[in-house]
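Notes follow the structure.
Chain lettering (A, B, C and D) follows the sequence in which the chains are written, and residue indices restart at 1 in each chain.
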């Protein structure tokens, strides 16, 4: 009697990040080594619940995929799922429908590559019995439960390269350059890129700043003979008691432009603002991100082989482990204001705008 | 009797561009080969007229300078010079004072590295008898009299790299991505980067566009199965009959954001906008720009050695020549709407928003 | 009566170069704009004469191809064609068979992308009546008849980046670093990269060198306080009267290693040698090469539309033109030892090993 | 009574690595924040024992240093120190003289940035009472006692970029490309870059290989329709029972060339070999390496402030800690043949040449 071929599914959900294709490739290659079939589901949960769009992925489909940014499965930020409200198993409930779809597709496991929102959905599906395995992804590195997410190192390179470029202009023109980087809730990119690029001021959501302190730092540098300054701002950074001073709603330019305008007033220096935006998401993943993505993809298939469901693969130190999905849900991995990294930055003379 | 050492001056003026340091290095190295002394004047004409700030530059001062962006002499956009209004040689006239300063410094030649504004000043100084030699510089490639300015190739690389990055996000999310690049008066960066990056639409100042045509192109691509589009916009591009539709004054976001907003309305697709801004100015010059800068610097010293003043070094085909400063002044090098390059883009299916 | 669809063929021949895929893409996109069909022939002339392997290329086949190095049609250096010896039109003659194959495939034109060898074959085929159009390709920039070939700018970037990297090591260790770059017959890469990277010595085939002069330059720099030196060597550079001193045959390491060994003996300094080799051929083409390739591809289709055969598309100044294939054949575009570029390098203090 | 200013010394020893300057900068900036003076010792231990060459480093001296490769203090591989043989404290003993020099310079601490050899010397100096603090550096990542050394990530990027470039050529020509990377004793670069670049075979010192197994892998790929292969070889990789087959001594080309020659014989395919060599050492450090270097430099000053001597700063997971110098000495951090990373590579189908 011919045994049925084992089959697993994979989808990418939320904003795209460099390394998604590398995870998909590793899943397909590892699964194919086990003789399994991989179903690639298009457009995140949309392809599972809405369009029912998916296809078999073979080794040939993933050839040459490692260095390519984006995701061949496409992704959406669209929400099918609200928070689960009842324990009823209604047919109308998207979670129930998703679990049913997974069953009907005959999936031994569904690998869900995404950030906190995605893993929260995965957790609910697992509670309903679905064999899900999470793979952590976010540019911002703010996902809990893992030391690092893929996409972050590439974003860091884009941001650091931008600081390097702004440095030469700043120094040539005696200017203040403000760079707004990603990080709606956390300051990981700003802090890492600020340190790696030699910023003078770093403003992050975890440390509310005073624009006056920032201006004082710029003027102090002037007096010491450094007539230019580089300021890195996470998009989610906010001034202390900011509601009167800074209203995000209705502002086209975001915090970077606000900081720029205020500093021109306070320091009478020329200020220029650059908002990196989507440049941080695209392009070929860095070697670090390719390696991490590849390890995550292979580890997710290993978990499926061992029947470990309801967990997320994660980096701990140098090792790939699995952690319960719940660890990744409900809270974020934030920069601690008194962490080594912040203290290291302070010891180098970098200001956070909260100095006394 | 000891003969006095020959001495030339060099200054950088206007916005900074990758390759300024490479020109300075080549000037110093070539001049030193002739046994001449080089005076580096700080902050453009400000160091000549205002602060009187300058210093001797030796081979040691320019070591390691070739790959570095910016200018060690610093630069300003500040204007000391209005248009020359009278033929009187008044002491108050900045041109007269500049000529006098050049004489007092004992300069055999003054090398002025800059764009159209700078060369216009150089021309006036030459009319008053100053031994000036121009070196053409602009990111935008819009300076007349030369086939190419340094800084342009590096800016093109930054812009093309940005398009590459946006491509992966656009394709992963079925989005329209709008990239605003430099080019207040001309569309060289937009046209070259759009071609090199595989843009679907290129909007430039020389070809007024209709936003409806742009939207139609996006929708036509959708119907052909390409559910994403990349649009490159020069900062100086404007809609046809744009005064009613687009008022630049008072708009924070510039033309890129305007195009993005309009397209979201007209196509109902997700649109994201990135403004490259100062990232195009900074960083290490490309090999092409390093080579062009080096040739310009060496050629400027050659011109001084031959007593050729009132001219600008320039690229013609593969050769470095000198042209009268007047050729670089009073008009710009614009993209011709029926040039080969534009027709080439059209033959590939790229839209300019003026299609019938 | 239904008119038959026009059909053109395209093949890539000789060593691969960044930009081949960009030419193919431009050919397909331009041809498709005219309603023509494009046949991509695999493995150069091998697919025409030997394996008869080819396929229709559509717009979908070339999507995303612009930034990718290599050639999707593959290429070989394998020779089917010797020099044409007789005027007989024998069936065994590969040229005659190729012309027949082109006819049988119903090609309105065959676009041959390659270097001097390829264009020589194309010329012979044209003499026999085949509607060929050449597209110039070589990393080395040594093809006559055009100001520039695609692939060269990318190779230049790889070589310049390598010099930048070696600079930091050389300076940190007081070492001599020797970099061997491509250029079997001509020194274009060595000369351009040497200038762009700030080399101290450049050795090229067009200027036979004396190893003693090179050693003297290294020692002179030492005495002036620059205790490191960077030497760029084209693979085809040779010592003056070199047959006694340097026998290329049987030497594994090539000229770079020979120069390194000699310099260690002559200067008693630490010397390290790097041979760039195939790194210069691969990777994503630079924006300049993407643009040039795209223009070439579109121009080749334009030539076909106008019935211009037996010509090669070429760059002249800023324009794309066509030139008779014969102009590209039989001789190479070499560095002239007294050209501006060489004199510019000498004026900066760069040595060529032929100094008196 | 005026208290004497605290003073610390810093030196760089062994082969250069990207990030050395970043450590020096962080040491100077952190120390200056404490009001301390920093003495930069030139040419490693040579400046302490031989030339007595050193200078005060101020914040101004380290401005702009973060992105620059190499070391402004220069470095040597030259050995003043043999293994310590006696417990006698002879004046001729270099260790004794070094300790005396440190005392005479009035150093509160000496920060020694280097690899295993350097830290072994540091340990001996500490046993004799010198207040040394080690900072781990090696391109190869083979230093024990720390999860990661700076320089490795940058080397990984160079190696991965090289694999990317070779991929396009390999695929275009149906070739086997062999890339030899650094790693005399350990295969970290080969393993990481091979995974990040999508190599088909990885050969490392820790897993002796059979060249026949490698050839079989290449042929198996051919039969599956992948007519090209990428092989990454660490310079220290060796064939099983290799003494008869491969004698490193006297071979100019190294293991990469040997593998290439053997494979041409065994597979009858075209093979090309590239030896990356010193390109892996130079250039601007990656953001990761800049950050790690900066943290190490700041932590070394913190250790000095707390009076922690005889230790080396190290990375453990995400944290910077200090470990006894002895942990870094006497053995290397090798790739374990059954580690997760190797198993991950195997699960993706990558061969190590030891397959049954």
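The working rule: a residue touches a chain if its C-beta (ideal position, glycine included) is under 8 Å from a C-beta of that chain, and two chains touch if they have at least 3 such contacts.
Bear in mind that the values here come from a model prediction, so they are computed numbers and not experimental data.
Minimum number of contact steps separating subunit A from subunit D: 1.
The minimal number of chain-to-chain contact steps leading from subunit A to subunit C is 2.
The chain pair from B-C, C-D or A-B that repeats the A-D interface, sharing more than half of its contact pairs by residue number, is B-C.
The geometric centre of subunit B is 42 Å away from that of subunit D, both derived from CA atoms. Taking each chain's centre as the average of its CA atoms, subunit A and subunit B sit 36 Å apart.
With centres defined as mean CA coordinates, subunit C is found 30 Å away from subunit B.
Shown for subunit C are the residues that touch two or more other chains, namely 164, 167.
Interfaces, counted as pairs of touching chains, are A-B, A-D, B-C, C-D.
Partner subunit A is touched in their complex by these residues of subunit B: 12, 15-16, 18, 20, 68-71, 74-77, 158, 161-162, 164-169, 171-174, 177, 252-253, 257, 272-279, 281-283.
Of all residues in subunit D, only 26, 29-30, 33, 60, 63-64, 66-67, 147, 153, 156-157, 159-160, 164, 167, 192-193, 195-198, 225-226, 286-288, 290-291, 294-295, 298-299, 301-302, 316-320, 340-341, 344, 347-349 touch subunit A in the complex they form.
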